[in-house]
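Paired with chain B in one complex and with chain C in the other, chain A is shared by the two complexes that follow.
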Partner chain A sequence: MSMLNPSAGSGAAGAVTALGGRSAVNETPRVAPWLLPLILVLGIFYLYPVFDVFRLAFMRATLLDNDGSYTLSTLINTLSRPELGQILWVTVVFTGASVIAQQALGLVIALVVVRGEDRKLFGTTIVRTTALIAWVVPGIAGGIIWKMLFNEAPFGGLNSILRMLGGSPVQWLSDPHIVMWSVVLSNVWRGTAFSMVVMYAALKAIDPVLYEAAAVDGATARQRLFYVTLPQLRSAILVNMILITIQTLNTFDAIISLTGGGPGRSTEVLSLYTFNAVFRNYDLSVGAVLSILMLVISLGLAIVYALFLPKEAKS
Partner chain B sequence: MNAAHRDRIGDALTYLAMLVIFTFFAWPLLWLLSLALRTRREVFLGVSRFIPKNPTLENFAQILQSDKFLGYLVNALKLSCLSAIGCLIVALPAAYAFSRFEFKGKGAWMMALLSVQMISPLVIMVPLYRYMAAIGLTDTHFGATMVYIALAVPMVTWILKGSMDGIPKTLDEAAMIDGCNRFTAFFRVILPLSMPGIASAFIIAVITGWSQFLVPFLLIQKEALTPIAVGIFQYAGTQNDTSIQLLAAACLVSVVPAIIAFLSLQRLILGAMTAGAVKG
Partner chain C sequence: MTLKARLLTLLSAAAILAPLSAASADDIITGDTVGPADAPNKMTFRMTTDGPRNNDPALAAKYSKLFNDFIANHKGWQIELQMMSGDIGQEQARMLEQAKSGNAPDCAAVDSFVLPLFKKAGVLKSFSPYFKKDDIDQLFPFIRDGITGTDGQIYAWWWSTDLRVLYRNKEIIKDAPQTWDETKKAALASVEQGMEGILFNGSRYEGTTFDWLANFWGQGGKLVDEAGKPIFGEGDNRAKFVKAVNYYRDLVESGAAPKRVATIGNYDDFNAAAAAGTSALFVGGNWQLSQLKGALEPEEFAKWTYSPLPGPTAGERSTGTGGWTVASFAKSEDKVGMCAALAREVYMGPANEIQEQLPTRADFYTKYAIFSSDANKGFGEALKVGQARPGALVYPEISNQIQIMMGKVLTGTEATEAAVDDAFKASMEAFKRLQ
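This part shows the complex of A and B:
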């Protein structure tokens, strides 16, 4: 519907453009109607709410009402909560481990798939598709699936294999020292395909001449990997790691249905903590302060991302 | 000969790696399928009945016969399809503008779009709940759809822009010389040619909508309007170990539509994604 508006005024300008050849300058004022729907949607659903979050952070507000007075106490009280340090540490470990594992595994899978395709090996497509299927599994369902795998009852999909192989069962979700790695494992399962796709595309974009030159120089496979492939992938790896860091920071649905943040607080990441502040304790102001904390971290990463983006994509 | 020998060792190692990778990614879903096909007795026999001796579809029948679950599925389908259509309506003109027009601050706009994508939905949901409650849009599919659109539209715009970049600009110019204006050129020439990109953007938006949890969890309280992601979360909370085969069947039912949607256009979707990813 909103697309009909631009048509009304642009007929004349279009004709002028067609007759006059290149007249990109003439078109400048015509851009607005094309962008209007997008600007409206993002303005209403992102910009204004973000402003509101800042307002709420300085109020005493619950989910449905507030007394209208402004104060700094919520901000100070929230940021000086004793458990916040623990929450941030859990967030750093979860995000760091997930990102490193996803990046490394994604690169390995991409290398394997590319080699398999080059050599026309059977099953390359199956491997790639399987990884991608894990990726489209909704977060909540992913958490439930892994909860079944980690279960310590006989139907637990990991312990029953361990038992069959003669190993001793692992307390995947109830041992506070192991549970973090279980959560990371489930997140790596669901998230790696994204890194795989990015790495695969970057590998395909490497100029084959470089490999020919390396072959002429008598480089071994190992040398080709370390002196040609990895240096060529540097910017793709950087961009990918920033993107998956942000994705991982925002992940909480897969954790909420897997551990609910427990046992204790051992897997309660910042996004889950924020969720609990708002939806369990109905404390909107605290939730807003925590939201701002998340926003600051994400925007910081977004700026790093912008700085490292290849020049041609910016223009 | 030496090289051929090395190639063969390399192939063997590649096969080994592929087997490990396949097992890691497939095992959770195969296990889910195995549990969903078992009877209650066989569930407790663990991996020895990975292929059940008495496979049964009873669990699926029980899940799909309950009105509750069918309702969840229909709601999720409705929300994700409507929001994907809404996404296209909002994103297509913007993607065309980003692809075709030169204007001041275009790079900044594109970056802003990416930064928006990086904001956690949690941040905006708190104030959004208050607006929605104030104007009576909680417990409506319309309200939830609008938020779904906002959450997916930055990514969809990037994907569509990427696919339109692949269509030569001379086609627009030729159309306009033949008497089209900007709008009709967009509608009659560019839209049909970007169908592959539009189809993949649509499917990606549908899959994103299908997995939405936070938005419906917050905005929709009525069970009759609840989509599958929230439905399965609540269902899982009421189940215990004795009905794990039912939970497995329910979980599979919630996952399969997303997988089918993805597989239907796998090649196109990967192409559309990597077109954006390589450029950054």
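This part shows the complex of A and C:
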């Protein structure tokens, strides 16, 4: 490791020089011409839409009309809507439960797969592939699949199984206290594969010497997990949590096809509320304010996670 | 090149070209276009499944023939077909946005309930020069009002309509319920025979609002005033609104309807329940009669019939009417004319006939034999108390609020009056913003 750091440092310094940064000979900073196409693409396709969202947030623009004047009223009225508190709470529960469950399940599956590979057991590839199938299913399709399973009709998927086993049917989607967990379950089913892949890659990168040393010291399986594996996975877990938090915050396709946000507003998360503002109520400015709110929440959470990253991972 | 190689090349070329030549001879619908590729005039048409891309192969073939015949009568034209996804609300909003920025298709299917928004946005081209006064006069009054702008011009052609009725299994429920009380009794009687009770849309879905509104309209209730301002939560209207919501609430709380109605947001669920034999009563659309005919065995289908939606009393009835229009966003006059011709020659009549979609003209019920059937005559009769959704800008948000309210009421998480007041307050806020 110590041999790699100097070369990485010199590489970075070299890059700064190539980019026209202040070098030892005090050259004037300039933008390298080869960066211009990238800056142009990013500017047109990423920065301009973001700028436009901020501009719309300070207007009263709908799909039908925009008087062109600027105002703070949209921002104030949108953020003081009475239902926003409930929407944010639903978002927190949905995102929190989904992220924790996806992370935990992803880690468990990855540990099982790696352990199975170490022991050369049959079926590890099948487990990995099966988990990935759920991940590649589009959100809308996933929502429809789960809607069929949660269907509370006498012929509904899960309730039919429960009846066969002698159990009582469950109001998966019509009970406001259960529906959120049904939605979380469908989201976890879909999202766990991503966490599994990240955890699997991180587990494979752990130096086997550490486990050998732990074995020499007589560490139990539990001690190896808590004192070797998890500390070594810390960076991967935090990076994974940043990614799946942002991904879950933006999830609305699976919810729209499963519950549409109902009953009432029981499962209406912020992203779905934003979608409804634009595509149901045609209100571009309210949609822009809500989008900025989502951006702020995502950035805030990303910063909080990043603060917990080990220094070497940050660099 | 050896003789064998030449022979193989010739065979390969023949194999590739043969289907192409056959296609050009019999069918000029290739991929996403109708008409010759070298046609000097092209028109884009964004459509629903009411066209050559219908999911039912038999209907798709019939539509393909209509489009082929149409393009054969309009030499020098090619139509580029663009399909909408199933999320109609999103598709229509996107199209409105495209129209505002000048990028909309030349011709498109516009849902009748968002037509007022398109008219208000001033993005539609007048169809008045392309339709005879006789044609326009034959339209049902609510249809004519729907397509006419403030300047008296027509801005779309509303070619199909639909309505909501009460379907029942005659073997289980002999007589058609006329009132809300009779409906509840019939549903409870069906529950005693092992059925689920009455089914209706009750989730976050436009159909939830639209199907239920008949109960409010039947009492003479009004959602908005002449200026488009919500009034359903004020005075006499509020009392009628609360009464109609309590009707649905009572159906669930009494066990006449299963709690799962709060999760239903798709008419196909009713067909599934009918096919599974788990329900004997549901609020559905007129188009479901032919769907049931296709889904059920003949002897099972014979048990099913429909009747007008019940009201608080037998004399207080209504039903929601919707449907599809064809409208033009084209910048050039010839494309507007071509779009109007498509509406007139393909959709006004022929499409109604092949798809059994109810026509919007009174004379078509006698002109086309298929609409002279008892079932379709019954639908035509029920249309007399039909009511379209208000052409107010705030309607989509009112509908959204009614769906939210219905979820709270049907799951018992909020008192009816409080839920109605919340819905009204939110609708008023939206109205103020849209001013």
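Here is the rule we use: the second predicted complex is superposed on the first by the 258 of 315 C-alpha atoms of A that agree within 3 Å, B and C clash if a C-alpha of one lies under 4 Å from a C-alpha of the other, contacts with A are read in each partner's own complex, and residues count from 1 in each chain.
In this section, a contact is a pair of C-beta atoms (placed from the backbone, for glycine too) under 8 Å apart; a residue touches a chain by one contact, two chains touch by 3 or more.
A quick note: this is a predicted structure, and the numbers were derived from the prediction, not measured.
In the superposed model, A:279 lies in contact with both chain B and chain C.
After superposition on the shared chain, chain A has more residues touched by B, the comparison being chain B against chain C.
By the touch criterion stated above, A:155 is placed in contact with chain B and with chain C alike. In the superposition on chain A, A:226 makes contact with neither chain B nor chain C.
After overlaying the two complexes on the shared chain, residue contacts for A:176 are found with chain C alone; chain B is out of touch. By the document's definition of touching, of the two partners only chain C reaches A:262; chain B does not. In the overlay built on the shared chain, the residue A:250 is in contact with chain B alone; chain C does not reach it. Chain A uses residues 63-64, 151, 153-155, 278-279 to touch chain B in one structure and chain C in the other. Those residues of chain A that touch chain B in the complex are listed here as 1-3, 6-7, 10-11, 13-15, 17-18, 24, 27-28, 30-31, 33-35, 37-38, 41-42, 44-46, 48-50, 52-53, 56, 63-64, 108-109, 112, 115-116, 119, 121, 123-124, 126-127, 129-134, 136-141, 144-149, 151, 153-157, 160-161, 163-164, 189, 197-198, 200-202, 205, 221, 236, 239, 246, 249-250, 252-253, 256-257, 271, 274-275, 278-279, 284, 287-288, 291-292, 294-295, 298-299, 301-302, 305-306, 309-310, 312-315. The residues of chain B lying in touch with chain A in their complex are 7, 10-11, 14-15, 17-18, 21-22, 24-29, 31-32, 35, 43-48, 89-94, 96-97, 101-104, 107, 109, 111, 113-116, 118-131, 133, 146-147, 149-151, 153-154, 157, 173, 176-177, 180-185, 207, 210-211, 213-214, 217-218, 228-230, 232-233, 236, 241, 244, 247-248, 251, 254-255, 258-259, 261-263, 266, 270, 273-274, 277-280. Against chain A, the residues of chain C that register as touching in their complex are 89-90, 93-94, 96-97, 100, 117, 120-121, 196, 202-205, 258-263, 265, 269, 272-273, 276, 278, 393, 396-397, 400, 403-405, 407-408, 410-411, 413-414, 426, 429-430, 433-434. Contact residues of chain A toward chain C in the complex are 60, 62-64, 77, 83, 151-155, 171, 173-176, 259-266, 276, 278-283, 286.
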